[in-house]
Structures are given as C-alpha cells and as structure tokens.
Amino acid sequence: MTETVPVTVVSVSNLIKQFGRFAALRGVTAEFSGGKLYAILGDNGAGKTTLLRTLAGLNQPSSGEVEILGASKFHDICQQVGYMAHPSLLYDEMSGMENLEYFARLYGITSGTRCAEVIRSVGLDPDLVRPVGQYSQGMRQRMSLARALLNNPKILLLDEPFSNVDLHSATEMVRLLARTRDRGKTIFLVTHQASLLEGAADEFVWMEFGKIVGRTRELKRPETAQ
Amino acid sequence: MKRAFPILGIVTAILLSYALCMALMPVTHIWIFTVGAPTEQTMGNVQRIFYYHVPSAWTAFILFFVNFAASVVYLIRRRPAADIVALVSAEVGVVFCTVVLITGPIWARPVWGIWWTWDVRLTSTLVLWLIYVSYLFLRRFSSSGQTPTLAAALAVLGALCVPFVYLSIRFFRTQHPQPVIGGGGSIDPRMLHVLLINWLAFSCFAYLVCWSRYRLEKLQRDVDEAHALESLLDPRGSVR
Amino acid sequence: MSAPTGITRATLLKDLRLEWRSKDAINSMLFFSLLVVVVFSFSFDPSAEESRQIAGGLIWVAFLFAAVVALNQTWAREIRNQVLDAYRVSPAPANSLFIAKVLGNFIFVSALEALMTPLFIVFYRLRSLGPAWQLLLVAVLGTWALVVNGTFFAAMSLRTRSREIMLPLLLFPISIPALLAMVQATTSILNGEGARFWIVLLVSYDLVFTTVCLLLFETVLNAE
Amino acid sequence: MSAPTGITRATLLKDLRLEWRSKDAINSMLFFSLLVVVVFSFSFDPSAEESRQIAGGLIWVAFLFAAVVALNQTWAREIRNQVLDAYRVSPAPANSLFIAKVLGNFIFVSALEALMTPLFIVFYRLRSLGPAWQLLLVAVLGTWALVVNGTFFAAMSLRTRSREIMLPLLLFPISIPALLAMVQATTSILNGEGARFWIVLLVSYDLVFTTVCLLLFETVLNAE
Amino acid sequence: MTETVPVTVVSVSNLIKQFGRFAALRGVTAEFSGGKLYAILGDNGAGKTTLLRTLAGLNQPSSGEVEILGASKFHDICQQVGYMAHPSLLYDEMSGMENLEYFARLYGITSGTRCAEVIRSVGLDPDLVRPVGQYSQGMRQRMSLARALLNNPKILLLDEPFSNVDLHSATEMVRLLARTRDRGKTIFLVTHQASLLEGAADEFVWMEFGKIVGRTRELKRPETAQ
C-alpha cells in the first residue's frame, strides 16, 4: 500500500528559536523529500528536540518558516503528522488499548479495528489489560510508537525512541520503522545511538549549535567549520 | 488451634444473640430466668442504643491500644506478625469507633435535640477516629516496601497524641454522661449486667473479626511470598 | 473529525473513569474536606454566637481551600508523561478539553461540598431563615465561578515553576468579587434577607469569566 | 566526619541561601499569605468586639494553611534530582538533616507569620487585653509544633503516592490538640484571661513530639 | 598514587530483592576483585539498577548478604563508596563548586582544595558560576561524576552515566574512568551502550531476569540457558 508522496514534504527556511537569551535554533534551512528515513544526530543541546517540536507545532519559532505538505499552519495538516517524544505521551493508569481508543476519538477515527491493528503492528498484544505504567520500558516505547502511528500519518517525528531501551528491542523498532518508511512515510528520528540506524536510515542530518552542519548518506560525521 | 476458631465463632454467635435479646426486651420473667433490661424512665426505649454504643466504644479503645503496642513491638523487633496485628486492630478499631460515632448522634437527636455538640467525650472520639483513619490512609497510599515502618511511626505519634487530646478539650462543657465505671455515674445493676454481657459479646466478636482478618492478611502475604518465590524460580523473573 | 462535544464527552468520561478506578484521590479528598471542617470547628467555637454569624464566610473559605487542593490535581494526569502534547498535536479543539476539565472539576468539587455542607450544618447547628433553594443556587453559581477560574489558572500555572503555590496566587485575587458575593449571599439567605443582588452579580460574573476563559484557553494551552 | 551540628549548619545555610537566591518561594509565599488575610477579611466582617473572639481561630487557621503550603515544598528540592540519595549514601546522620529542615521551616513560617500578624491586627482592629509577650511565646511554641510535625510528615509523605494531599491528611489530625491550644491561648490572652494551662500544654506537646520525631526520623528517611 | 587493594572488595551472596510480588534480584552471587572496571549489561528490567542501589545501601535486600571491603553494614564503609545515579544527585540551583562544597561537609572533608581538584579532574572549570541546572547534559553528567569521586572512594557505582550524553562526551568520560581504575579504584558501571566500553572494561557482567548469567572478558554475550 505504497502511497504517492510529493517530492518535498517538509521545508524549513531560516528557522530561529530563542529561549530567552539563548538561541536553540540559529537559522535552520533545509528541505526533506518524502518516503525517507532521516536520522538527526548531534551533541547534547544541539537543538534536535527543539527542531522536532517546532515541526510538530509544539514550539512557535521566533522567526522563519516551516512548511509541511504544502501547508504553513500546523493545524491544517495535524492529521498527517505523528509525534513521539521522549516521555511516553500515554496515560499510565490506562491499558494500551484504552489509551489508543481515547486518542482515536481525538483524531475522529471511527474504525473500531484501527487501534488493535496498530498495536499488533508494533508487536504488542491488543488484549493486554495491564496499565501502561506497568509496562517495561521497551513495551512502553512500542506503545508510544503505536500512538504516533494511530492516525496513519504521512510524517513521523520521533525523539530518542531508543534511549534506555535495550539493544534487542531497539533493533526490532528499527526494523519496524524501516518497514513503515517503505510504505511511503517520511520519518525524522533523533537519537544518540546512530549506529543502530546504519543501513536503515536514508540520510543522516548532523546538527551543531542550533544549525544543520551537514547531511550525509553514510554514518560519518562531516568536517565542519567548528 | 484450627478447632478453636469455629468454637469461638459459635460462642460469639450465641453471646451476641443472647445479648441482643437482653438489650432489646423489657424485663420479663421466663420461668426462673429473668431476661431483658429495664426501660429507662426519661429516655424510654431510645436508651437501649446504650448497649451498642458503650461496648463499641470500649472495644474500639482496646483495639487502638493493641495497635499502639503492636506498633512499638514492630519498631523494636521488626516482626511481620506485629505489623499485621497493628493493621488489623486499627481497621477493626476504626469500624467500632465508627459505630460509636453513628449511634451517638442517633441517640443524641431524640435525647438532646441536636445531632452533635462539642463535648469532651464526643470530640475526643472524633479526633481518635480521625487519627486512625489517617493511619489507614497512610498504609494505603504508601508506595514503598517499608509501609509497616512508616505506619508504625505514625501509630506511635498518633497514640502519643491521645493524652493531649484529652487535656486540650477538657474545658469543653460536658453534656455527655459520666463514665459508668470509675466515674460519678450510677446505673441500675440490671442495666449494668446487660451492658457487661453486651460488652463481652462485642469483645468476642471483635476478637473473632480480628482473628479472621489476621488470618486473611497472613494468607495474603503468604500468597504474595509464594508468588515471589515462584517468580524466583520462573526463568523470566515475573509471574504472568 | 468527531464533533467537539464528542471529544468533551470522551475526555470527561476518561477522567471520571480513571478517578473512579483509583478512588484514592476521591477518598483522600473526602477525608481532607472532613478534616477542614473539623479544623474550622476547632478554631471557631461552633457554640459561640459570633461563629454562627460568620458561618457563611467559614463555609466558603473552607470550600475555597478544598477546591484549591482539588484543582491543583486537575492537570497532574495530563502532564505526567506530557500527554498534553499528544492532545496539542491532535486536531481536537482546545476548548473541548477545557470544558471537559471544568465539568469534571465541577462534579468533584460539588461532591466535596455536598459532603462538607451537612457537616457544617450539624457542627454549627445552622438553620436557614431564607429559602433553601436559593442557597443551592448560590452554591452552584459560586462553585462554577471557582471552578472555571481555577481550571483556567491551573492550566496557566502549569507553565510556571513552583506550580502548587502559583494557583492560589492567580486564583484568589480574581475570585475575590465572586467570593464576596457568595459569602454575602449565603449570609443574607441564612438570615432571611434578600440576596437578589448578589445572585445577579454571581450570574454575570460566571457568564463573563466563562466566556473569557473559553476565548483565551487555546492561547494558554499553546503557550510553551 | 564533621560534627552533626556542623552538618546541620551547612544544610541550613545551603537552604537559606538557595531560598534567598531564587526568592520565588519567598515572594510567592508572602503574596499568598497576604491573599489569605485579604480573603479572610472579605469573608468575615466582624465588629471589633466579635473579632477579638474569633481572631485566635482566624489567625491560626490562616497560619496553618500557609504552613501546609510551605511545608509541602520542604523536600521538593531534595528529591528533584534525588539529591536525598546522595545524602543517604554519605556518612552524615539523618537527624542533622531533620533539624536543619525544621529550623529552616521554622524561620520561613515565622517570617510569614510576622508579616501576616500586622495585617490581621489592622484589618480586624485587634487590641490585646493581656500581655503581648505571652502572645509571642504562644506563636513560637505553636509554630514549632506545626513545623516539627509538618516536616516529619512531609518526609513521610515523600514515600507515598499523591504526595501533596498526604501531608494535610497526616498533619491535621495529630495537630488538633496543638491547634486547639494555640487558638485558646491566643483568644484568652487577647481577652486578658490567663493562658497558663495552654502554654504548659503547648510546651509539653512540643517536647514530646520533637523527641519522638527525632527518634523516628532515621527510620522514615531510610524507608525506600 | 596507586593504592593497594584487597583481592576481593565486593562479594554478594544469594542476593534477593523483591518489590511486592516481583523479584528484581533473584539470587545474585558473585565476587569482584579490586582495581577493575566492571561493565554491567543486560536488558531493561534485568535488575542492574537494583543491584547497584543495593550495593550502595539504598535498598535493603530481601535476603542475602552484601559484603563490601569486609564490612557487611553499609554505614561502616560509606566513606569508601561513591555513587552516581541516572538523575544528577545535584542541586540545580547551585553552581558545581557550591554543590561539591556542601557534599564535602557531609563527608567531613576539610581540605579546601579538594573540590576544585575533583572538578578539574573531570575536565570542568571550578570557577564556573552557572548553576548546574543550566549545564548541558554532558557537563551535568561530569559534575555528577565529580560528586561521586569527591570522597576519593575505593569503589565507584555508576548507573547509566552515558545515557543521553553525546558520543564525544561519553568517550571522554570513559577515558577518565579508565584512568581512575588505573589508580586502583574498583568501578561498577551499568550501561546500554556497551560498545563504548570495549577495550576499557576489564570484565563484562551480563544480567538477565535478576541474575548474573555470565561474565566475559570480551564484549560478547554469553550463551545462556534461555
């Protein structure tokens, strides 16, 4: 079920984000085409999370433009975007299924089977009644991914999905993401464990001090000015 | 030990029903036995609530004392059994104390014309109830594996508070009757007799409930332990 | 996209279900409000004539404190794992969330009041000289005023450090007119005087603040 | 190992310095207590004679609520990055920490009271008929009672779910005798009657509870 | 300044730790000799953190014995142990130097220069006045390490010191740890990024479901029963 996607799905131009006196993004300009898996890498404080949150409409940029799927207002395309943050974005007290059912309401998804389908697709059991708070870290990250996939988004924004996840679960998540990408989705993935993505990512985007300093096909840090 | 339980159960049931007859019936002579309690002259039959009100209060006090003693023992010796005793006596004590706090106003309404008044006995019962309810809350809300320790610490503080409660509300004017035993009050010996029977029945009942609750809690912990043991043996380290 | 009311209902139901499931919050709030009543009765000798005079004030101050504690928990669940962000990236309108939270709090605080009021009546031996239904009306209007503002400011204080203390700082000053109206209305009704003016005042206060909160909530929610 | 008092001093100084540096907590607490006074005076509008009767209750209820809010923050700083664990793995004795926290809270709450009292005096036109130094004594003893128990129970509620609500649930019932003593002592002194009994009661309450808290604190701190 | 260390510095025998019904440690028996760097590896929930906290005296084991430097009560040897957890264990509002000065008081360290010395040893500047809360993640982890090193402990317990730290900072921390080990300290280090420690660690300790399932010299997961 490969979808056709426009060539450039996300374009940001001269994006600046300031927190008080500190500029977390200092002029990011880039275009990203559809159906790819982008790994965003960089040191602590490089601005990766800030960039992702700005794409997800959770941060207002101080200046600059963001255009996703041709729209400049996030609200118009929020149906097309899935966002997964470092925290799980799930209610600890509800089971995975109940969580997804609630979020399905928010997205106006009426199909009764969609939730179970998504949960199965990330390799979990939809009938699990345990509350999410009692899941292991690996299960929780998968469920969190399921939430991001719920509305079948064209664009996925994932912030450190592998942190504190053991190697085994992480490799499986990478496989799942690669499959998703192959179905025509565009994925942005922030991580410190780039080696996990070797072979899976189409492009590595390197950030430094609030700027994109290079984009490479291979996992090799580009020579930068600094 | 196993046998003692049903025996105690039967004894309690007999005692309770006998006490109920005694409390609710006016004095009647059946053959050579005299059963029932005299009807109070001014208050009438309402007064019969007395036979539930007072024994409940005494039972609750005893249970709270047990809770205190068990908590101290736990703090010193760290025996899980002491902790279970403390928990159980607080739970049952709160129930009996609640009975006092419910029967009191029911009695007060027809007799005094009000539900509640700020009187030494009433107030101190209320505070006692509050203290032990907060104790149960702590036990319930505690998220650590050290609930017994925290609870025991609170129990000690709570028990220490009781004398201060008595001292501090001493000035409240007293509307409530004086203690029957050791106080200035006087009582018909027949009533006293019924009261004591009731008290005996209530104590047996409380003991029985505590005992079952103790065994239940003990079993629950044993089951938990068995589960934990099972999880020790289980290769994945967890059950289910 | 499902209708905004559908989302409100889903959110409210979810909150109620979670509340019901844990029951801890409910129980502890009930016990807390009982404690508040008892502390008040210990501090203001209920048998004294003076205390009876100020019962209207006492009740509302006690409600206010209990409500602040309850309202402080409103958003706790939503920010625990930053679930609020999940709401924000979804197409659901902000006001659906606000209304759901206000309704949830209204139910919760009303339940508290329903428990505290009989205790106050018993402890302070209150008897109303005016019509009791007016008291009910005042209670509903006053609670709504507290809850709308409280929910709004609780959301606002999410963005600040030392969150718990912020809520009363924001809520109290703005609520003073409402509080005054509630106290005066209650006292007047208890004393058998007319409370028309105060009730009209409360109604208009409610209308104005509900409208403004609804208009502004989206902005507050989306402020980072 | 440095002496326990040295550690107490270091901890206290650290807390005071941090408090002073951020000033947030101080400012907001001051504003909060101001608001409490204002809310109270809007809710109760007594004549001078009546106010003397209820002033003791008013003041102490206001203090109590302000103190609960303050005490809830006591350990916030220590558990933010689990710094408490760093304390626990160090050779420093638990009671040094407890005493430092109690002293810190005592200073903080006293400052609040020092600010609120004049406001109360002005708003309610209070004039004491008894000796004012006794009022001071009652304030010190009463505050100490609140603060010792409050600090202890705040540490206890660290180990529980829904922490904020737990503190009043534990603190209020046990503080009732102390509260009653404070209120009665204050009212008696204001009315020019003797308050000897209440002061003795407060002193012994303070002694007993301070001792027991010191004995039990290590256990509570080390409960995981 | 190599110190002489006893052959076995830490020995645990049949350690069991239960959280309610769940057994996080299910009979851990092991001996560790001094002057080595042990990397503790394992999946999420394997019990690594629990083991470390038990060694640090922060958890009471449900049963079993812990002996550190010959003492079985933690209090007797707390001067000899340094502990670093995933959270920083530092006051965000104070500068690094102020933090260390406070902790030095707790350890009864009177030497006025010790704090500056430790801060310098982890590659930070003792004169930095910024509060720790404004440090970058990498700096914060270093400062946290400095706190653990403050009392010049014989035994260091480190829980995921590299998580969310960028590659560059992490490699530097590994170098620092290797140097510390070379000065005769014993280091226990929990991590999910084992590859960082290749070459640096003396032994890899593999945990699974609350047990130690193997100890290898090389970074190679041992064949286990399961």
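Going by the order they are written in, the chains are A, B, C, D and E; count residues from 1 in each one.
Please note the rule applied: contacts are C-beta pairs under 8 Å (C-beta built on N, C-alpha and C of every residue); 3 or more make two chains touch, one makes a residue touch a chain.
Not measured: the values here are computed from a predicted model.
Undergrad: Which chains does subunit A share as contact partners with subunit D?
TA: C, E
Undergrad: Where are there more C-beta contacts: B-E or B-C?
TA: By number of C-beta pairs in contact, B-E is the larger.
Undergrad: Find the geometric centre of each of subunit A and subunit B from their Cα atoms only, then give the gap between the two centres in Å, rounded to an integer.
TA: Subunit A and subunit B have C-alpha centres separated by 59 Å.
Undergrad: Would you kindly tell me how far, in whole Å, the mean C-alpha position of subunit C lies from that of subunit A?
TA: Roughly 39 Å, centre to centre.
Undergrad: Just the number, please: Cα centre separation of subunit C and subunit E in whole Å.
TA: The answer is 48 Å.
Undergrad: Using CA atom averages as chain centres, what separation in Å is found between subunit B and subunit D?
TA: The computed centroid separation for subunit B versus subunit D comes out at 33 Å.
Undergrad: Check each residue of subunit B and list the ones that touch at least two other chains.
TA: Those would be 127, 130, 133-134, 137, 141, 145.
Undergrad: Hunt down the residues of subunit D that sit against at least two other chains at once, touch-wise.
TA: Within subunit D, residues 161-162, 166, 169, 172-173, 176, 180, 224 contact more than one other chain.
Undergrad: Listing for subunit E: what residues touch at least two other chains?
TA: Subunit E, residues with two or more chain partners: 45.
Undergrad: Which chains touch, pair by pair?
TA: Chains touch in the following pairs: A-C, A-E, B-C, B-D, B-E, C-D, D-E.
Undergrad: Applying the document's contact rule, which stretches of subunit D touch subunit C when the two form their complex?
TA: It comes out as residues 24-25, 28-29, 31-32, 35-36, 38-40, 42-44, 46, 50, 53-54, 56-58, 60-61, 64-65, 69, 72-73, 161-162, 164-166, 168-169, 172-173, 176, 179-180, 183.
Undergrad: Per the contact definition, I'd like the list of subunit A residues that touch subunit E in the complex.
TA: By the definition above, subunit A touches subunit E via 42-46, 136-138, 160, 163-169, 192-195.
Undergrad: For the complex, give me every residue of subunit E touching subunit B.
TA: Going by the criterion above, the answer is residues 16, 18-24, 26-27, 45, 47, 209-211, 225-226.
Undergrad: Quick check on the complex: what are the subunit B residues that touch subunit E?
TA: 145, 224, 227-228, 231-232, 235-239
Undergrad: Can you name the residues of subunit C that touch subunit A in the complex?
TA: The touching residues are 1-2, 6-7, 10-11, 14, 18, 21-22, 77, 80-83, 85-92, 222, 224.
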